[in-house]
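Given below, in the form of structure tokens, are the structures.
There are two complexes below, and they share chain A, which is joined by chain B in the first and by chain C in the second.
This part shows the complex of A and B:
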């Protein structure tokens, strides 16, 4: 066996055949994009003011982080760490909005799902609010809260709460009533029903709701930061563009996408796998 | 000893929101079931069997008549009346063991003690080795065994069953009927089984309540005095006593099914 073959077998063992194939197939478009980018730089089709060379983007990080002192500086958001501060600011806001929005969205969703009266009150206003959720609120939020954290938080909460609320509501309604009845006849209380029937029964929808709300929320945040923010990746892109620092714009855009990809693939998808798929509650493509 | 279950003068109407005409489902039903007795309710489709079971389970409020379990009026669902439903009513997000122990968990039994008890019932329904499986990994028959074990494990005063084997294939049904006979004999559990299958009623029941077509009234009560340990399909199929009782019930039910095949 030649070394190439044994290397290929070792790699296949490490990742698993299926996964390796998926990774390879999934990276084809990225490799094509990167090659095009590289060719553009080499052949000078479009000048660097439109498409900067890859190296200058790495360089942009080190310039932005110029006065930053190590991991400690990054974590304490030292004012010198221009780039990581923007990243952490965006992440922190999404995190805060999730911590505030998810429990309320799920709680009201479960409540409305099990009680007609609550859903009669909340559903119409929810449909109304959902239609204008996201960036449509930005101008108004700026008038109300000014530029800064409150505005972006408001935009995020508006997006996250309603999406999670609606998905939870639909999830609870889809739970067969025989499951509720069976737990009632075992002596289960209302609280037992909520935690042991409605919540797990609605989990497939809730996870979908969280994925959707994080996707939309992340986009809304970036937009809100551009117009009504004072920090964050959206803000960074906007400022960099107005100063014609195209490599910083590229950096921001790529990092926004990478963060989302990482969150979805390594946090949300595994949650789905370990709950919903394990219980046989979603159709699994073969 | 007073009967475990007493139903007196129970009637039920379903209001119809659209036509305004009420559906008269049950009419003046009175029956009782003594401790340790396996009772079966047979009747044509739509005669109100499920309605009766839901009222007994406390899932459907009633206004005319009385229902008492252990001398106490039924006012809502409770752990004294365990129910095995027709559809798969075990929770998909709980393993076999956690489904079976669910009632004990609700009652607040300590986890060590609960595990021991659950294991006992896992063995009773022949599911050893499947404790950590999720319901979607089980066959229809196995799911119903889990449902049966879950109900028995919570140790209700009476077990109510609504066509528990209607959704499984004929072979599995025969096995499950024999197992249900063995298990209720072993646990001495007072049971009320609802079925439209005359063979099933005669095979399992010590006492068979035959219902008329809608509105369901009690038409006849047939006592079947065959010892429980003799109830094995292979033997009963040729047992003159069984055949006689089954034919008696069959005739009573046939009279209620209209010649057009509808109810």
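This part shows the complex of A and C:
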């Protein structure tokens, strides 16, 4: 065996044959796209105002981070670190909205789902709130809170809360009442039913709701930052576009995509899969 | 009265059945709830200072519509928004379904294109809007591109999942009976993927609806999104709330009376092929 063969076997053992194949095949369009981009820069089919050269995007980071003082400056959101400030303020808003929105959404959803009469009333209201959640609230939010962080946070919170609430409500309602009655018969309290029956039974639906709310919420956040924000990635790309700094727009768009890809693939999808595997397919009495 | 003729009795029975269905479905509670919300809303707007700016009363919102109806603005905006939604969704379906089927037919092809599609899906349509505005300016083309971009990806991914969900044996059976590739697509793949296509279409159109509103606000094309945005600019908060309620109600109408029935029918007709 020559060294090339043994190396290729070692690589295949490390990554796995199928995975390696998928990685290589999947990278083909990316490589083609990047080389097309590079060719465009060299041959100037489209002027750099429309498609900036790749190097200028990297350069844009250093220009935006020009007056930044190291990692300490990034973490304390020093006004010199423009780029990381925008990224961090978007992410911080998502985190804050999750901390505020998830517990309330799940708690109200469970409470509303417990009683069939209440849930019948609240379901259409949830449908209506979901239908106007997100971007349609922006003008009213601007009137109430002015342009700034509060408006964007409100939009995000609104989107997350209603989707999580609605999915929890549906999940709790789908739990068969036989299970509830059996726990009651065995002497369980109301609280036992909530923690042992409703919550686990609704968990797959809740997690799906969280994933959906993040998908809708992240999109709504970007749009809200464009219209009614004064910081964040959406604000950054919108302002850069109006100043025709297209390389900053490309940078922002790529970062938006990477953040969402990472969140969805390495956090939300695994959690959803695990939950459905562990808690899903509740036995239904026929 | 002891004797009542059957011809009088019958409509009363029908009404009571409908009434019972209404009350059983929580209709009375919902009515009370909605009235309560409206009462609370009007109470709030009578208490706060400067209600016409912050929270106009429900009646003010209602009356603001008559003015816009009189001028013919409301139907105009509504028509433009719906036109954008319909054209964008139809184009999204027309591109997304064949593309999803093509990807689903061959594992190598789907392995090649899946990651890059996933990457572009992660860029929400509204995020590429600034780039497209730089390319084409504030034109109608820009709005349509954003709507199409937003609607296309959920549809493509769902069609792909649908094609993957079809058991191999069906395809193999038709192949061994001498069917051509085109026949396999027409008779197995398309019907088998139908429930997923319907689900994907509903999701894609839901995303597209939000993209229409946001696109109109940002690009400044006349429509419902533009209406609430400019009304906020000129301090007509009653028109903002009117527009919001209309956006919500129209989406519920589209969802309840067009998309959901189609999805349910498709699943009933084509779904659960494998057992």
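FYI, the second predicted complex is superposed on the first by the 238 of 286 C-alpha atoms of A that agree within 3 Å, B and C clash if a C-alpha of one lies under 4 Å from a C-alpha of the other, contacts with A are read in each partner's own complex, and residues count from 1 in each chain.
As a working rule, a residue touches a chain if its C-beta (ideal position, glycine included) is under 8 Å from a C-beta of that chain, and two chains touch if they have at least 3 such contacts.
In this text the structure is predicted, and so the values were computed from the model without any measurement.
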Of the two partner chains, chain B (first) and chain C (second), which one does A:121 touch, if any: first, second, both, or neither? second
Touch check for A:182: first (chain B), second (chain C), both, or neither? first
Is it chain B or chain C that touches the larger share of residues in chain A? C
Where does A:163 make contact in the superposed view: on chain B (first), on chain C (second), on both, or on neither? neither
Touched partner set for A:200, first chain B, second chain C, both or neither: first
Report for A:240: first if it touches chain B alone, second if chain C alone, otherwise both or neither. second
Which superposed partner A:135 touches (first chain B, second chain C, both, neither): second
For A:275, select first, second, both or neither according to whether it touches chain B, chain C, the two together, or no partner. first
Show me the chain A residues, by the header's touch rule, that chain B contacts in one structure and chain C contacts in the other. none
Listed in rising order, chain A residues that touch chain C in their complex are 21-22, 25-30, 33, 49-50, 117-118, 120-122, 124-125, 127-129, 131-132, 134-140, 142-144, 216, 218-220, 222-223, 226-227, 234, 237-238, 240-241, 244, 246, 249-250, 252-253, 256-258, 260-261, 264
For the chain A and chain B complex, residues of the former touching the latter: 176, 178-179, 181-189, 192, 196-197, 200-201, 203, 275, 278-281
Which residues, counting only chain C, touch chain A once they are in their complex? 25-26, 29-30, 33, 53-54, 108, 111-116, 118-120, 122-131, 133-135, 207, 210, 213-214, 217-218, 225, 228-229, 231-232, 237, 240-241, 243-245, 247-249, 251-252, 255
Could you pull out which chain B residues touch chain A in their complex? 57-59, 77-79, 81-83, 85, 87, 89-93, 102-103, 106-107, 134-137, 147, 150-151, 154
